[in-house]
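Report on the following structure.
Going in written order, the chains are labelled A, B and C, and every chain counts its residues from 1.
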Amino acid sequence: MANIEISDLSMSYQKGKQILDQLSLNIKDGELLSILGPSGCGKTTMLRLISGLIPIQKGTIKVSGKDISKVPVYKRNFGMVFQSYALFPHMTIFQNITFGLKRRKLDKKTIEQKALNILDITGLSNLKDRMPHELSGGQQQRVSLARALAINPNVLLLDEPLSNLDAKLRIEMREEIHRLQQKLDMTTIFVTHDQEECFAISDRVALMNQGQIEQLDTPQNIYKNPRTEFVARFIGYENFIPKTWAEDQQWQFHKEITGKLLTIRPENIGIGTGENTLLGKVVSKNFLGNYYQYIVDTELGILKVNTTKDQSETNAEITLNFPESSLIELEDK
Amino acid sequence: MRTKIKFSSVVGCLVLVILVVPLLIVIVTSFGEESAISFPIKGFTFEWYANVFQQPDFVEGLKMSSIVAILASFLALLVGIPIVYVLTRFDIHHKDWFQTIFLSPALIPEIVIGFALYQALVISLQLPLFISLIVGHFLLCLPYVVRLITAGMMEFDESIEEAAWMVGYDKITTFFKVVIPNIKQSVVAAFILSFITSFNNIPISLFLNGPDLNMLPTSILNYLENNYDPTVSAVSVILMIITASIMILAEKYLGLNKLT
Amino acid sequence: MKRSAVLLLSPGLLLIIVLLILPILQMFLPTFVGDQFFLEKYLNFFHSNGNIQVILRTLMIAVITTLITLSLGLPTAYWMSRLGDRWKKVVSIIVLFPILTNAVVRNFAWITILGKNGVINNFLMQLHIIDKPMTLLYTNFSIVIGSVYLFLPIMITSLVSSFSQLNFEVEEAASVIGARPSIVFFKVILPQLSVGMLTGSILVFVGSLTAYTTPQLLGGNKNMVLATLLQQQSITLGDWTSASVVAVILTVIAVLVMTIMNYGTKLMDRRNAK
């Protein structure tokens, strides 16, 4: 088991494009940390730097206090699950799993024992003599996970492992990853662009943008208190209010940080009078199952309001209220 | 629509006939009893096949052509595979320049390569003909190897190699234990195509053979200049049988579309 | 660059430089040395009518061969692409077989057909259509026939692969909106095939331009092309410098044609990708 300290990690391509910019991050022993962000934010590069698949240009990575920057990839003893599964096509499932074990100085019996154990806990025992191409995508990804775990790695690295699976399998597989991670108490880094799967299983989330971490926090805190506009937008906030405007209107809100914007979730905007009101006209009303979404044209532009009750019609003038406790202050970046 | 399909099938069938009939005529003439080639044939004999094996140039040529083709193909694979590995897996500058350099033997007319090698290797450097011949055929085969192996490497997911590194294998061991088994088909296809190309070559061998060093195709060419008898038909049939056997083998292990 | 990349590339690079580039330079450079003028040897070469004729003949044969293989190859490839899997395979084998068969064999076949006592003359004389054998062999005509026979399978193979990527739905959509078959072919299908046609044409054109065996066997001594001229100047006459001049001209034409046509292919590829 291991903790990871990443400090001042920078990486740029030859043409001067900065991929990672002095990034620092600590991952605790046994923690499942997700790196979340849009494509191109540097999350995959970061994982590949940690794994050793690409060499470090600047900065250090320490695992359990030991600098591993100069340790070649095949000596790091990290487990990795790839987006494309990357099973060895010319080997059976059993051979895929024992391939890494054979490199270690173990006798035949121990290797077989370990492999059977891993096959058992990943539920693959009945597939052990199949070839990879005979398996479904979900089964292949399970083998890929088993192969990574078989070598008893210090750290488990997951590179978008769910993105090639269909929706139902994705949920099943993420539960499986979570279960095994808890069971083995393994330090795990999970790279993804999907906030739902990331929030569901992570202890902490590092939300990345343009080579830097915008916010590092528990999923609950990120959801409730996004720190910047980028974070807020990425996790689904859509209504933004300039602070100077709110001050002119003499709205009540917490004034704790300096920044230009306030934000509020669509379901927290009330219809009718109350604190901090604003007039608007309903542009359209959409029924979305368990709630209605009103698109409201206001002085601030289009706002989205979600409510469980059917309260108004298209083209009607309505009053919106913005409870002080739901208005979130954002930092400028 | 109807008319066009009819037109194209008429042309298509005609083309097939044009492709097949000349070779059939050669096969038939190889059994004629007359000493000048004629068609239709008179009589039936295997004598010309026996005569093929009486010609030392043909027998030695067949041996030499096979040896040169095998050695040149092996050499091309030995040199070509590492090249392709670097060009497909490493992030290097001027990749397309390197690509062009390694495909360049295919840009230069074969007869010019033969002529240039004769002057440089045989005349200037006084290298033995056999060595020069291997060099010429190696150059002939290299572009095929580079093209086919590149296609094979492109189809092979890079993450699979990375997965082997992650579970503890260094890059060289990974190359032999994971990469080679998975591009095996391309390697075999490259070997077969190299072999055929070298075996059939004339323009390069033309300059690099000598009294004691005969290649089969140039021997046939020489024979044809002085004789016109069904021995040539018979040796042609033998060559066709060799081609057909290679095609059957290739189809069995690879599928023929790998060869084009 | 990484050390391992250098290590893996250098043997190949070294071999190409020492065994190909240097020998080519050794052959090329002396042709550019003259008593008065560096292009003297080329001026002398082009001064001879015979030589100009050789160049023109070489180019003509390559052009005509390309055009014939293209016009026979297009319908054939179209027909093949519409065959069922089983027949398609049989036909593909018939097309592939000649490609893999030695050129001597394939040219020899046409000697037996076109020769004085060949199949055609025998046949026509037996029917009393002609009473003296026609001269078919050792003419420009026989070289073209031999080249077409040699390169037609290659053209078909290039075209078939581009037909197999062809989007037949576009064709159907065009006929549904009422376009005439000929218009559908020229406006819808042909543009999609342009890359395959160019690739095939490069292979055939450059192949027949530099071919040695066919003109040697089917052309005889009167109908020289650049490749046979090179052979004659060097092996038969031992005039290395003149042979080198021919080699340079042949190489320059081949490389030039390939570069231009490859560039054209890239342009079309880009346009089609849009």
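Quick notes
Note that in this section contacts are C-beta pairs under 8 Å (C-beta built on N, C-alpha and C of every residue); 3 or more make two chains touch, one makes a residue touch a chain.
Being a predicted model, the structure only gives us computed values, none of them experimental.
Think of the whole protein's Cα atoms as having one middle point; the chain whose own Cα middle lies nearest to it is B. Summarising the inter-chain layout, the chain whose CA centre lies farthest from the centre of chain C is A. Averaged C-alpha coordinates give centres for chain A and chain C that are 57 Å from one another.
Chain C has its Cα centroid 17 Å from the Cα centroid of chain B. For the pair chain A and chain B, the distance between mean C-alpha positions equals 54 Å.
Along chain A, no residue makes contact with two or more other chains. Taken residue by residue, chain B touches two or more other chains at 171, whereas all remaining positions touch fewer. Those residues of chain A lying in contact with chain B across their complex are 51-53, 72-75, 77-80, 82-84, 86-90, 99-100, 103-104, 144, 147-148, 150-151. Residues 157, 159-160, 162-171, 178, 181-182 of chain B are the ones that touch chain A when the two sit in their complex.
Of all residues in chain B, only 1, 3-5, 7-9, 11-12, 15-16, 18-20, 22-23, 25-26, 29, 36-39, 79-80, 82-83, 85-86, 90, 92-93, 98, 101-102, 104-105, 107-113, 115-121, 124, 135, 138-139, 142, 171, 196, 199-200, 202-203, 206-207, 217, 220-221, 224, 228, 232-233, 236, 239-240, 243-244, 246-247, 256-257, 259-260 touch chain C in the complex they form. Residues 1-2, 4-5, 8-9, 11-13, 15-16, 19-24, 26-27, 72-73, 75-76, 78-80, 82, 89, 91-98, 100-106, 108-113, 117-119, 122, 149, 152-153, 156-157, 161, 175, 181, 185, 209-210, 212-213, 216-217, 227, 230-231, 234-235, 240, 243-244, 247, 250-251, 254-255, 258 of chain C are the ones touching chain B in the complex.
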